[in-house]
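Two complexes, one shared chain (chain A), two partners (chain B, chain C).
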Partner chain A sequence: MLDDNIYEAFEQIVGPENISQAPAIIDTYAFQWAAEVLNVLDGKPPARYYIRPAAVILPGSVEEVQGVVKVCNRYKISFKAFSTGLGPWNCVSSTNTVQIDLRRMNKIIKIDAKNMFAVIEPYVSGAQLQSETMKFGLNCGMPGAGPQVSPLASATSMCGMGFTSASTGFAGRSVLGVEWVLPSGELLHVGSIGITNDPDWFSGDGPGPSLRGIMRGFVGAKSGMGIFTKVAVKLYPFPCKPEWKVTGESPNYEFEIPNYLKLYVINYKNWDELANALRRFEEEEIGFMCYHLSASATLAGFAKTREELVTQLASHGRLKRPLTVMIGAQTEREFEYKKQVVEALIQETGGKDYTKKLKIRSISYAEGLRCMYGFHGFLITGAFQSTHGCMDNIDNSVHMAQLNAPLKKKFIKKGVIIDDQGDGLWLASFERGHMAHCEMPTMYNVNITESVEGFVEYANACDEMDLEEHLGLPFFILGDKKHEWAGPHCMNYHIWLRKIKESFDPQNIADPGFYISSKKES
Partner chain B sequence: MTLELKKLADYKDIMERCIRCSMCKWIPQVQIKSWKYAQVCPSIDEYNFHAYSGGGRMIIALSLLTERIGYSEELLNIVYRCTACGACAVSCKYLNDLEPLEVIEALRKKIVEDGEGPLPAHKKYMKLTEEVHNPYGEEPSKRLDWLPSDIKVSKNSKLAYFVGCTTSYRRKEIAIATARIFNKAGVEFQLLGEDEFCCGSPILRAGGEAQVLDLIKRNIKAFKERGIETIVTSCAGCYSTLKADYPRYVKHDFKILHTSELLEQLLKEGKLKLKKEVPLTVTYHDPCHLGRCSEPYKEWHGEIMEPIPLVRFPVPPLPLRQGTYGCYYPPRNVLKAIPGLKLVEMERIKEYAYCCGAGGGVKAAFPDFALKTAGRRLEEAIDTGADTLVSCCPFCATNLQDAIKANNAPIKFYDLTELVLKAMED
Partner chain C sequence: MTDLQAKLIEIVGEQNVFKDEDVLETYYKRYADNFLVKSPIKPKLVVKVKKKEDIQEILKLANAQNFSVVPVSSKAVDPNASDAPHSENTIILDLTEMNQVLIVDRKNRMCMIEPGVSFGQLFPIVKKEGLRLLTPLLPACNKSVVTTALEREPITIPRYQWDSSDPLLCTEVVFGTGDLFRTGSAAGPGTIEEQRASGQAQKNPLGPTQFDPFRIIQGAQGTIGIVTWISLKCELLPDTRKILYVQAEKLENLLDFLYTLLKRRFGDELFIVNNLNLASLIRETSAEITKLKGKLSPWTLIIGLGGRQPYGQAKLEFLEAELNDIAKEQGIQLLNEIENISNEDVIKIFDNCTKNPWKLRYLGGSQDIFFLTTLDKTPRFIDTFNKIVESTQFSKDDIGVYIQPLVQGCNCHCEFNIYYNPSDTNIKQKARELFEKASIQLMDQGAFFSRPYGIWAEEMYKRVSPVVVDSLQKVKAIFDPKNVLNRGALCFKEESA
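What follows is the complex of A and B.
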């Protein structure tokens, strides 16, 4: 509970209807996807609730956000902001923290079709933005989490990869101008919106101050560096005719696949073939989407129900190392060309076109365009999390998957995580060429304590492996404990990270729980 | 999901599996066509805290069940500021199998069982229903006051027109239009008059399970005594209650039809002739209880299996109510058969239609919230360019017309039956 005077100070800024510390309200903010993992990491039972915030505040404008942050500074209360709020990193890390839910800031400020960018507020979802940019023949990037989450959050504060990263880049590369409320409550405009004469949102790095690296770094500061209230994100050409017609009733939807769009699932026998194929497809810059998911996860991406998936798993044993590619074109001629390139690449790389065997529904095309395959990861048990995580080259990712398989199998044998034959890997290319994002999703059963605890033990072992085998810093290294453990192995980056935090937020007003705190190294 | 009546505790596993993904705040993602009409939950649209979403209410239910929170005024407000429209459940179940609406209903029942609720406004209409068999407190003897003297009513038809309390006492124009159409199309029908008791919908939505059981038994007895085989209603609330809810309490084999279904049938059989031009551009509002909430519950006999270690699920699959088989096309087909009438669709339709804002006891307990939601729906209707909004439910009709008045909105409202009657008039 906040002291009355503090509560009133917040209330004066946002109005009584936009603040609450009622248990029934704040308890819903302690409940998060994978909160049980946080609890086990803290040595507690795997409860679905993490820490309750002291209050929840719903500001409606940048001025209100600034006001709230200033009150936090005045009374030494931490804040934790989120946009659409999916994931354990949205939880507060201490009870002396207010949760700032940015739901009321939900406008698309502008779509600049000529210069191919859109300016958005935190609670604009990917699907909302895409449905509007499509009207200009343009597309936006969305994270693997799906179209219901916030492109602003991905751009400013998360890793931000997605299934379409082959053509939309990863979110960190899409950021242009940014409006940023610093942990002190001051307002900072980054990039070309920060210049005095004729400011506009078209660039993130200049003219104007360039602080992209400090603002988000590798995987974002998770609200540990303040609050982003507007961001300009790059837009990209819509891959095919920007038409969207879905018929039927949920969940039996049909999509009128627009001209010109085609999905391929190409089967490779082994890792080497797959790595080579991914590289070659990207060199030819042919796919709107180009990724590898383990065979079981690929099947999950196209399945509608758990039961269907289980049947599919039994009948597609020959699917080994699939590569999923979606191509799109604006004209028949371009489409023909792309199809021929794909055929030639399949031949060259020794793949087998497996698409027809899968009987992919038309709606899977819509889900592909709208970045929805990742959400199918919840189909089987309702719970999964990723381990490892790098944005390096394709070979490093494949090497990581190969090293990880025996470790994963050990935990499968223990019966604590779901059997995917040790394979689970998501490998998504970005920036054309040899770069790829890689993470290893693992399913567990959220209703079974041993399963959650077993998953956490496995996740810790994966982290160890990343360091021991020099695979790179895993992206779920969050918070002091993990950074201080990993830093000494990685050029003491944590000291620099902490210096950044200290210079912007010496008092840890921006909740450092999923970033790093400004305290001196312990 | 199944016929079996469950307690809140039976949903614990489901509640624990909520991902907090927020899909339940939006229409199904593949249906989103604009920034403006992407959201689907009237409650979170108004109150904004996560607790006010379908997923948020599942968390609250779990918190209450596991005694993390206790009863409070705030809790009751959250639980009842929800129109029980079921849109959250459709969006969640596009890719998941959780049951936010069933949890909300089970939570309300628990609140009533624990003696902590419902809210005073609900208690008032529950008491009135007990006393005079309708939630408005109107005299039972006036139930047929709407009936014009020139309407022919049968005494022994096997088909009954179940008028419903709202139509009988508040939206008489719908009852009159329905009865006139039936007469003109040669459909013989009985009226139960004073013997028609409230179907129980408003009580059930507020969590009053025990009271509703009496009403169900009472109404079923009345139907049987009169030899009724088919019950036609022009009210979406009565329709879903009779069709989907009654069999969960008392099995019955009456055929339940909404007027739109009967009219569609009559058109097909050539018994209904629509000849007169009705030169209107209309848009159609799907009532939640005619659409997604009208799907019957199904029997399920099976067990939880673990075909892959840690992967537990019901075999055979549980029958899910996903809004797939709601009554969406009959009203549209009838509208399309009216000469001169142009039907234009809103963005949120059928199983992902936006609620009018009245249901779930909201109109009684939170009239301002109900009106605001209706205002949002009106905006969407007006954006289609339609001059007329049409629906098939007296409760939607009341709330939407209240909002038209309050906002001085440039759109007219008609019930489907009123337009059909216009097209029939010589």
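What follows is the complex of A and C.
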């Protein structure tokens, strides 16, 4: 609970209807997917609730955000931004922290269709943005988390791998400019929006060094460096005719597949064949989507129910290392060209077109366009979390997958995580195969303490493997403890990261719990 | 011999420390006449280095003895004078002999190179492996590849530029403090050799973890760190080529077509030049350029298409047919060739470098004004620039224009080239007046000088919020707290040391 005078200071900025510290309200912010994992990591029981914020504040403008942050500075209260808020990293990391919920800032400020970028506020979802950009034949990148999450959060603060990353890239590399409330409450405009004469959002770099360099890295600072109130993100060509006709009722939807869109699942016998195929498909630059999900995950992606998935798993033992490719085109000629190349590549790479053997409903096409396959990860147990997540190239991802399988099997054998034969994974290609990342979605039973604890033990072992085998830095290196563990293996980067925090936020006003803390606390 | 000289000799050996007036003069001449340099300063010493350990030692010495260090990696003269000292007490760190090509990796479409590697050196090596570099428009052969990537110079194939930082990937850098660091996935865990054994190829420029130090180093004009190698994104070299053209009397008539190509991700090389620049790219002498220029339309959009076996021919046929349909729909005449220019001549400007810098071919001197904007705003800037040319009575026939879409079409590089005869004092003065006046007026009109060299820096930083400047200075204070790297450049003034 905040002291009355502090509560009133916040209330004066946002109005009484936009602040609350009622237990029923603040509890909802502590209830998060995978919160039980964080609790175990903190040495606590695997509760579904993480730490409750001192209060929840809903500013409606950048000025109000600045005002709230300045009050935080005045009273030495930390803040944590929250937009669409998927995942426990959106929770506060200490009770002396207010949650700044940005849901009132939900406008698409601008779509510059010619120059292919959009300017959005924090609570615009991917689905909203895509619906609007489609009208111009354009698309936005969306993360594997799905279309319900905030593209601003992906671009500025979180991670940013998606099922369409082959053609829509990585969220952190799609940023053209930001409006950024620094931990001090000052307002920073990064890039061409920061100039005084005719500012516009087309470039996020300069003058001189790019301040995007301290905004985020491979993963975002998760509000540890302030609050982003607007971002300009690149838009990409919509892969086919921008038509969208869905009928039926949940969960039995039908989608009218637009012209010039085709999904392939191509089966390969082993990792070498798959790696070569992924590389070759990407070199030819034809896939709207181009990624590998393990056989079981591929089947889950197309399944509507748990029962259906179990039946499918039993029927498709021959599906070994599938490559999923979706092609799209604007004209019949383009479509024919791409189909010919796909067929030739299947021959060239020794794959088997497995598409017709699978039960792929029309709605799976819509889910592909909408980046929704990730939801199917909840199908079996209702809980999963990923490990590894290192990002460099295809060979590294394959190597990671190969090394991980025996480790995962060890934990499956212990009975603490769900049996996916050790190879449940997602290997995504970025920017036409220039980069790749591999993560291992792992299912556990959220209601069984041993299962959650077993998952955490497995996740820690995965992180250890990444360091020992030089596979790269995993994506969940967040907070002091993890940075201080990983930094000495990686050029002591944590020292530099901490210097940035200390320079911009010496008092740790921006919640450092999922970033790094300043040690200059007064 | 000064104490400083003696200490530098201890680090790199006597043969690599130069104090002779003629050597210093050689470096001074590279930038002394550049319009971007207000008051040229001669360096105190020139030091040649070949090892990162020596760079570390020298920077530690600079911190101890309070002198400034300006790195130089190109043998070519930098038209933007980024190697000009801004502080009296400066030594030049010459990296041109640090020129090893460390890795060329066809499978991962990348190479790893040291700062002194030139385009002339690298092109044949990567081509042999079936790779192409993402380069500025016809770079000088003796220009450093690393410098162009670090300076965010525009590349000619916009659809391969996913992020403004491309083609730069990972870096190894010595920060101003003297500390060695590796950025992106190269940071670790493991040495580069251990990373490659795990399958990695230093392809991910992001990180490590929650910051992107490579973005701070890039565009910094050597003020944050001295880079000892970079990994560079390459693409596959096409074996089948086709060049198409659209010509126009007015620039506006090219833009909708160009926008459509960018949106469809059609075309490899895509850029617009005016007739003088097209002639300068194709011909070698002033007389030839003048002759050709008169026969060309004012504006040309150049579209390079490329494909590789076994699907290259089919790709080119499909692309050409699509482009023809789009052109027909938009009432555009798409040309297979231009009169007086052979397609072979045009293809030569791609995947190639020149020993005869194309901007010096026409009159021997050129000063460039460039900035970022969007394609639709370019006619307005050109109109403004032309009015300034008229007002300064500079010859409008001696102006080159180059428009390069970037970042998959989200913005563009707009460049004016002021060509002049450097031995004609009167014309040179007029060129300088035009340069100074136009730079300011274009900035005032919203031209984003994202790479503010020399005198541009002060003007540009006046035109951004003080929070931007303050944030950059905080960053500088972290990585180069004593301001030893290129002291005085950008918004890092000498007094802050």
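The definition used in the following text is that the second predicted complex is superposed on the first by the 513 of 522 C-alpha atoms of A that agree within 3 Å, B and C clash if a C-alpha of one lies under 4 Å from a C-alpha of the other, contacts with A are read in each partner's own complex, and residues count from 1 in each chain.
The rule we apply is simple: a residue touches a chain if its C-beta (ideal position, glycine included) is under 8 Å from a C-beta of that chain, and two chains touch if they have at least 3 such contacts.
All values reported here derive from a predicted model rather than from experimental measurement.
Contacts of A:G224 after superposition on the shared chain: chain C is touched, whereas chain B is not.
Chain A has more of its residues touched by C than by the other of chain B and chain C.
Looking at the shared chain after the overlay, A:E132 reaches chain B, while chain C stays out of its contact range. With both structures placed on the common chain, the touch criterion links A:S362 to neither chain B nor chain C. Of the two partner chains placed by the overlay, only chain B lies in contact with A:E249; chain C stays clear of it.
Shared-chain residue A:P209: touches chain C; no touch with chain B. Contact with neither chain B nor chain C is seen for A:S94 once the two complexes are overlaid on the shared chain.
Comparing the two interfaces of chain A, the one with chain B and the one with chain C have no residue in common. On the chain A side of its complex with chain B, the touching residues are 17-18, 20, 22-25, 27-29, 31-33, 48-49, 56, 58, 84-86, 101, 103-104, 108, 124-125, 127-129, 131-132, 146-149, 244, 246, 249-253, 255, 304-307, 310, 313, 363, 366-367, 370, 372, 375-376, 378-383, 415-419, 443-448, 451. Of all the residues in chain C, the ones that touch chain A in their complex are 107-109, 152, 162-165, 180-182, 185, 187-190, 194-195, 197-204, 206-221, 223-224, 233, 236, 259, 262-265, 310-311, 314-315, 318, 321-322, 325, 372-376, 407-411, 443-446, 448-452, 457, 460-461, 463-465, 467-468, 470-472, 474-475, 477-479, 490-491.
Residue ranges of chain B in contact with chain A, taken from their complex: 13, 16-23, 25-26, 28-35, 38, 47-51, 56, 59-60, 62-63, 68-70, 72, 74-75, 78, 90-91, 93-97, 307-313, 317, 322-326, 328, 350-352. Considering their complex, residues 112, 114-117, 137-138, 169-170, 172-174, 176, 182, 186-192, 194-200, 202-222, 224, 234, 236-237, 279, 283-285, 330-331, 333-334, 337, 340-341, 344, 348, 390-393, 395-400, 431, 433-435, 466-473, 477-478, 483, 486, 489-491, 493, 496-497, 499-500, 503-504, 515-516 of chain A touch chain C.
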